[in-house]
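Each of the next two complexes has subunit A plus one more chain, namely subunit B in the first and subunit C in the second.
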Partner chain A sequence: MIGVEGVGRRFRNVHALDAVTLEIHSGIFGLLGPNGAGKSTLIRILATLLPPTAGTATVYGYDTVADRIAIRRMLGYLPQDYGAYPKLTGQEYLRYVAILKGLPRPRKRIAELLSQFRLVEVAHRRVTSYSGGMLKRLGIAQALLGNPKVLLLDEPTGGLDPEERVRFRELLMSIKRDRVVVLSTHLVEDIAVTCEHLAVLNEGTLRYNDTPEGLIQLYEGKVYEVWVPENRVRETLTAWGNRVLTTRRHAATRTVRILGKVDGGRPVCPTLEDAYLALIRS
Partner chain B sequence: MATSLLTAVLLTSTLRPEMDHRQVLWTTPVSSRIWALATKPAAASLVAIFCVVLGASSVLLHPAVREVLVPAGLEYVPMYILLAWIHTLLWAAVSSCLFATTRSRWMTLACVVSLDVAWHFLLPSVLSLWPQGGLVWASYATYQFVSPFAPFGILLVPFLLRGVTEAALAIGLIGVTSRVRARLPEWAHVRASAARALGIVGALIAVAAAGVSVWAIQRQIAPFTLWQLWQGQVESDRPYVWSNDGRLLVFPGRFTVVRLPVSSPVPDWVFGLLADRELRRYSTRDITVRAVDPAFEAMAPESSQEKTPPFLRETQDLVMVYPAGRPHPAELGGMASRFLRQLRPLLTRAAYWQKAPSELLLVGPADFLSLETALPSPEVLLASAFTMSNAADGATKWWWIAWALAGTADLDEQARCYLTLFLMGGSYESQVRDVLAWLRDEAEGGSLDAEEQALTRLTQGETEVWVACGAPPPLCSVAWMNPLAAQRVLEHWERSEELGHEAYIRTLREGG
Partner chain C sequence: MIRYILLETRIAVRPGVWIVPGLLVVLRLSGLIQPEGWLAPLEIVYPVAYPVLAHSLLEHEKRWRTLEVLVTAPRCLASVLLVRFLVMALPLLVAVAAAARPEHWVLVLAPGIVLGAVALLVSLLWEEEIGLAVALAWWSVSFAVSMTGFRVLDHAVASRFLLILLRSSLTPEAILLRKWAQLGVGILLLASCVLAADRYPCTHLRR
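Let's turn to the complex of A and B:
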């Protein structure tokens, strides 16, 4: 469905992406990585907004540079820094995007999306009065206009409260059928709940490309948990440096998860977050 | 200023959200289609039409000029809309380029205002450093010579090439904007070569058009000053529009007017203009030959002998060549008849010493005739379109016209003042009463006392003291700070009231 072959992108002297190769099939595919890892750059290349400086990327066989228009016909895209026209109402804005996508008679679909994303009550309010969550939902609704075969979502849960984030994940699960959904995020939880496959990017390079379970398996037996009294947390964390993966606060102690064996530590089954952090720090 | 700011405000209000929304926009299939790309020029067109309609509406709302929708004629409306569109498009291109560079709405607006201020105020100052630069500015950078007499401006080539220059600049700026916007990845796919070509072609056409315009203007500037022509030192061998010191010599067009020293031969090239047109020559006495613009004062040659005085009181002949049987543009018919209607009471009273004029002949532009001498001839009314329109202050204008009509009686200045009061008495009785009160005050030395008091205040340390004449300008020139003259005017008035105006004026004319 989506093929990325040795794709690189350079901005002046900065390599944002370096020889990334991966394949994405239907379902939800997670792109995970810290800020500046190159996730948005890869998404923008797939969205035909940015030509790669090396390699090729194809969507359903169409080249992202040579066949931009063909790809755009099957594309829904929610950018990271999404902004809508503030003077338009939500409904007018969706109608506008429908025109841009060349959709004939979009009225029914717009009504469905407004209902699906709980925007019916605010559909006639100007976008400028929307909360961050509403705006995000509107952004996803516009991406879904025209039932695109490829949905590119760049940090879609940023700015959503926990309840909305849960709803969004449910929504994502409901729309994944018969389409490719690429979800770029730095929140492991989003990936853990929704994605069948994921790729981890760090500093422009591909560090992992397989299932979430596979990533967890990579670090089984390598993650240890230690109970540390609250008054010794600082010196302990300093001593272990970047081997520390996660910490959790309890009453007067903290549990600290460490990559690699430590004195007093017991081996635990790693979570996806542990595995991801271990991968990034290794 | 209003057009540029309005365009910039409207454009940036759409560019700002477009900037925020650009990624979604450019991932849609129709974003690069021609009709989608044409939305900005279409929006600029709407702004241009809005500006034109707004301007026309203000004219329509003015009761005095409502009957003349477009003084130059309705057939020129499409041309003016086209030029307004190009002008608005240029400001849209400027705003767009500035916004792409600064990515800030407020910075763009500030830059647009600064550019407009520089265009209107700084550029003329810089140009005035160059001999004749002010003239080039006046001809090229403004449309001020567009009038009912010259719908395409005083010079056709710069008038039309200004539109070409602006369009080319807009095209060039669109190219530059494309290059600047390509800094953002979403616009990076815009072909650099195409944008560069657009920028270069636009700049080249703009420079060429501006160059040809300047050349065309320079060709119309005579190698001599007005003073040299008046002194008979040179002859005009072809129709130069301006003298070397910026005085208008010929107003070309359907209604051509040529300014000549009194009794000098009509140049041969004037006869070449005739075809199916008539030629008439009028002597307009005691004319004040003024510069078109004060900025031209600096344009005269350095030699003081060559320099024309800023105000040259001379007599002149106006040679007019105009379509047979049409003493003024048809579009001004309504304005002319209204003017004559307003003039009638004055003419009725002026009939005591002159027979009624048979014809109204309009002259444009106002530079040829001052208000003072707008109506000099007993058989033909010569009136500039400016005098006729309500552009000048209404009452002051009519005092000047009455003063000019009174001048045709060939009496002394005090009698002329009396006749002016008599003429104005028919239509502006309360103003005449005020002027008589002022004359009584002047006769008792009122202004002299006021001046004395002002001088005293100055010696007591006041830095600003105003001493001004409280009467209409033509009467001020005779009776202000001159108690004897004021007394004499009052005597004329009082005697005429005893004898009756008609009898008294006859007595005056007979030298009684």
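Let's turn to the complex of A and C:
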């Protein structure tokens, strides 16, 4: 469905993306990585916004450079830095995007999306009065106009409160059928709940490309947990440095998860977050 | 199409900008004002509005963070930008229609269109500030030459590159010819924006 073959992108002397090769099939595909890993650059290349400086990317067989219009016809896109026209109401904005997408008689679909994203009550208010969460929901709604075959979502849960985030994930699960959804995020939880496949990017290079379970398996038997008294946390974390994956606070102690064996540590089953952090730090 | 134009108007035009053109139209139609002696100052001041318009068109897209969604829609970005530019220019067109006689419209309009087109094209290819600067520099040179009475203004070839010509000793026919040429170049440059708009997201996102 989506093929990425040796794709690279340079901005002057900076390699934002370096020889990335991926195949993405229908369902939800997660792009995970820290800030600056190249996720947004890859999403923008797939969205036909940026041409790659090396390699080729195709969407349903169409080249992202040569066949941009064909790709745009089947695309729903939510950029990371999303904004809407401040003078329009939510409903007007969706109507405007529907016109740009060339959708005939979009009224019913707009009503459905407004209801699905709990925007009915604010549909006639200008988008300047929307909260960050409302604006994000409007952004996802515009991406879904026209039932796109390919949905590219760049950090869609940023700015959503926990309840909205859960609802968004449920929504994502309900729309994944018969379409490709690429979800770019730095939140492991989003990926763990929704994605069948994921790719991990770091500093522009592909570090992993398979299932979340596969990533966890890579670090089985390599993650240890240690209980550390609160008054010794600082020196302990400094001593272990980069091997520290996560810490969790309790009453007077903290549990610290470490990559590799340590004195007094007990092996634990790694979570996806442990495995991701271990991969990034290795 | 009508709904689309109306939405573009809602996006890009503040209702307040209609006050001056509307007032001019009312006063002109009621016969309270006559545009006598307005042509020379209009030729100087009016064209400046167009590059400012072109600049604000792209600046708004950046400020509102709406460009990426706009580009990924199948409708050509260039057509959206050109329609919006014309929608934004509508109050200016109405103003000139009320403030100048029909036979003088091209004298006032042509430098505005060519300056706006230069600003838009350069902005799309490089940066919005460079586009505005190039257009305003051209206007400034023309203004300075027209004010100082520098001989260039009367030179048949050199005067083709100047925008403010009414103070020159060129014949009315020669002035009109140059203004039509400016209008033609302006329209050509606006058409070139269709190609340049394709590059714009790439340039914009690189920054």
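In this text, the second predicted complex is superposed on the first by the 282 of 282 C-alpha atoms of A that agree within 3 Å, B and C clash if a C-alpha of one lies under 4 Å from a C-alpha of the other, contacts with A are read in each partner's own complex, and residues count from 1 in each chain.
We take it that contacts are C-beta pairs under 8 Å (C-beta built on N, C-alpha and C of every residue); 3 or more make two chains touch, one makes a residue touch a chain.
On a predicted model such as this, the values are computed, not experimentally measured, just so you know.
Three-chain overlay on subunit A, with subunit B and subunit C in a clash. Looking at the shared chain after the overlay, A:267 reaches neither subunit B nor subunit C. When both complexes are overlaid on chain A, the residue A:51 reaches subunit B and subunit C alike.
Of the two partner chains placed by the overlay, only subunit C lies in contact with A:95; subunit B stays clear of it.
When the two complexes are overlaid on their common chain A, residue A:61 makes contact with neither subunit B nor subunit C.
In the superposition on chain A, A:142 makes contact with both subunit B and subunit C.
Residue overlap on subunit A between its contacts with subunit B in one complex and with subunit C in the other: 44, 47-51, 69, 72-73, 75, 77, 79, 81-87, 97, 99-102, 139, 142. Residues 11, 44, 47-51, 69, 72-73, 75, 77, 79, 81-88, 92, 95-97, 99-102, 139, 142 of subunit A are the ones touching subunit C in the complex. The touching residues of subunit A, when paired with subunit B in their complex, are 44, 47-51, 68-69, 72-73, 75, 77-79, 81-87, 97, 99-102, 139, 142. Those residues of subunit B lying in contact with subunit A across their complex are 17, 20-21, 23-32, 36, 185-186, 188-189.
On subunit C, the positions that touch subunit A within their shared complex are 3-4, 7, 10-11, 64-66, 68-75, 80, 201-202, 205-206.
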